[in-house]
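Below are two complexes that have subunit A in common, paired first with subunit B and then with subunit C.
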Partner chain A sequence: ESHTQYERVGADVTMKCGSMDWDAAVTWTANGTDIDESHLNGSYLVLKNVDLSQSGQYSCYEGSSWHLKYQTNLRVGMPPKEPVLMCRSNNYPKGFYCSWHLPTPTYIPNSFNISVIHGTKDMVCEKDAVPKNRCHIRYLQLFSTVKYKVTLTVTNPLGKNFTTLTFDEFAIVKPDPPESVVAKPVPNNPRRLEVSWQNPSSWPDPESFPLKFFLRYRPLILDQWQHVELSDGTSHTITDAYAGKEYIIQVAAKDNDIGTWSDWSVAVHATPWTEEPKHLTTEAQITETTSASTSSFMAPPTTKICDKGAVVGSGAMAVCWTAGLVMAAYSVLFI
Partner chain B sequence: MAAAESPSAALRRRDLCSRGIRLAGKMRADVVDLLDAYVEQQGLDASASVAAVEGVPLAAVERWDEQTGTQRLLENLAAYRAFRALLAQMLEEQREQLGEADAGLGRALAAVLLQVSAFAYHLEELLRLESRGVPGEEGDEEEEEEDGPPPPPRLSLFEQKLRGLGVLRELAQWAVRSVRDLRQLAKPSPATGAAPGLAESP
Partner chain C sequence: PTGDSWGIFTFLCAALCNLPALPALNCSEELGAGQSIQQTYDLTRYLEHQLRTLAGTYLNYLGPPFNEPDFNPPRLVRAEPRVPSATVDLDLWRGLTDNARLAANYRAYSRLLCYLRLLDGQVGTAELRHRLAHFCASLQGLVLSIGG
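== the complex of A and B ==
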């Protein structure tokens, strides 16, 4: 006789040796290892305040014959907490998907059931093969003011829990980030960077449902981003880059009319064009952690100016200070 | 309908569609602002569910992507004509209840009504360009029943407010749908209205 037994963490568990009498002589093992008699109450095995490490195969053998009388697979776990549910349309107007997870593991198998209601109509959310905790729905109607109600119920042998999301069609529209973001210097233009990108491939019809974009960029040395919103096109030329400074650039997308902004794209780095060096600047080329880069110096593109973390020596500190003054002067010049 | 459009007609259609898209976009922005003001000044709960109100054209549509250009124009025109009447009624009711605090709301309603009228006219222009006859307004063509339809029962103040909420919400949806519809129409296509001739008026 063998079965699986689920118990909560912290519970006291008593296992009977099948149909054996209380006073029968038995031996219990856990995963093949004999269990000390102190855990026995007659022929019953008593485990107090069980923890996860006590999950395993428990077997009971009759006295001296060692006949296997009972076996149970003890699984120690927890009932599910309220699941976390998210629904989103990254392929509007085709449909939307919902995905979920548990905030804490239960350590035992869970099953999920999702229901979607639109007004009075039940809709089927088809589960994705991969990932498992996701399902998708095709829109049957567009432009409806009637809200969708999605209820996710999670059940395991120790309990169940659920959560509900209510939303309207427009609110969950959120494209994937733009793809293939590329940033290039513009020859003979020390303050320009040309950025281009593509619509996310998951967005099915950008011609009928055009996206607008938000571009942000900053030199690596500064924390503050510059932002540009672009209502059409998939390229933009930055014209106010600091010469010679490496930039980090990202792009986000949003349907032109509804929904929310995508996450930021993968960041790309680029440095504006700089003139070929006419003479060497020794200090600028000493190490990669020190620099004295200004727009008039012919620093290589990877040169960084003063970094708070760069501590090389008093000579470098003086250079950093000088670079700061020159930078400030150039900033004033270019305002 | 000719299978191929003349270049000038195609240009005119694209131009009308572009302007229509801008009109609808502006209208939507104003309707959303009006909705916020309406909810606040009428003391309503913004998240309140409002059952479908009789006479309010629903923007919700199935198989939207399969509609012909003519269907899109006709449905849009019917909707905005209905909204024109509904907003006029709301404005009338607003004036009956007019207090100082509501004067701004009345002006905003009137402004949106103007935009709705302008958009309806714009749709009529597009239909004429499609060589479709512009359908008469409802009431012109329907046969009068012997006793005529009974006048709708007068709504309580609260019911009026809820209906107004429903009207504005649906209008906001329509404004988004209209932008999408006009973008579809603006796409170069050999036959924008594949349906054989003007459908029989319902």
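== the complex of A and C ==
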């Protein structure tokens, strides 16, 4: 006969050779390898303080005939710790989903059972095929003031554990981030960036449940974000971008009245429009040198003069432009 | 009387917190409903704000355990005919037109107004009575706005 045996890490395990007597002569193997007699107590195999590496196939053979008398698959593991459960509605008002996981592995198979109670009513949470530790539920009523109670029980051969969440319908609403965020420069406008996005596709009814949005943007070289909250529309024009700087932009969404903000969308990068350098002709070498040096000084303030200190804003821009003009004047003199 | 008043306040909070889910204007029909919906929405939000202040004052008046942050009053599940509930069957709600939704709001807030007027006027402090009177006046304004 053969079966599976589950034991806790650190336990002492005694395995009997089937129905053989204690004083019978037997040989034990672990995954095909003979086990030393020091682990035997008569015909019983004794493993003290087992660890994960001792999982495997244990077989017992009658001494002289080498008949296989008993076989067991030993699986060393642990009872489950309290599971982690999360419920969220990203498709309000259709329903919500719950997902769960164990904080630490048990090393043996676990089964999960989820129950959802709304007042006195039991609701069915339909398990998703992918991902596995997730189920979804459809709302039957809207604007309910009765809380939902979700209980997740995890069971394995060594024990069980559970956790419960209680919440209001509107408290778990959190949309997915906005999709297709696009940021483009605006021709002939060196301080503008045009940003547009779409409602998350999982939000089923933006007509009846409009979303509001939060935009954040900053130039790559700075750490501080600018924020704009938008109560309608899926586009916005940034008008205070620093000329020539590459920006990083993200958008988040929230139902107008209930729930919490979504995670930030995928970040997009964009640089405002800058004027192309004038096309240079060969006849004016002097002009070429001049414009070359002026354009290098009048370029966006990446030179050390302008990065001095942490001062940002139009004041610093004026300083940079002035410095650029001064440099241009000097370079003309030197030619 | 205290239990009853508390009951109405919890219902108010719950009902008002869930009611402002008005549909956006559907331009292809019921154009008249659009402005009424927007007004109703704005007034309801104002009422919600008033109610939070009123509830806070009332809870402090009652003292512990009511004024503790984690106090969670029981929601009245029994069918109290005078206090309206916003809870609605999802498919039923989907099928409502803008005018039907406005009518439902009108009925609910009218009933709420009647109920509040029946509350014992001697309950609580002068400040509470004053706030409640103000709330009723705003609620009356809302009912008239929807109806008119």
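Here, the second predicted complex is superposed on the first by the 277 of 335 C-alpha atoms of A that agree within 3 Å, B and C clash if a C-alpha of one lies under 4 Å from a C-alpha of the other, contacts with A are read in each partner's own complex, and residues count from 1 in each chain.
Following the convention adopted for this analysis, contacts are C-beta pairs under 8 Å (C-beta built on N, C-alpha and C of every residue); 3 or more make two chains touch, one makes a residue touch a chain.
Just so we're clear, the structure is a prediction, and the values are computed from it rather than from any experiment.
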Clash or fit (per the criteria above) of subunit B with subunit C on subunit A: clash
Touching partner for A:Met86 - first (subunit B), second (subunit C), both, neither: neither
Contacts of A:Phe143 with subunit B and subunit C, given as first, second, both or neither: both
Doubly contacted subunit A residues - partners subunit C and subunit B: 93, 140-147, 170, 207-210, 257
Interface residues, subunit A side, partner subunit B - complex: 93, 140-147, 170, 207-210, 257-258
Contact footprint of subunit C on subunit A as seen in their complex: 93, 119, 139-147, 169-170, 207-210, 257
Sites on subunit C touched by subunit A in the complex: 11, 14-15, 17-21, 23-24, 26, 75, 77, 85-90, 93
Footprint of subunit A on subunit B - complex, ascending: 25, 28, 49, 58-62, 64-65, 169-170, 173-174, 176-177, 179-180, 183-184, 187
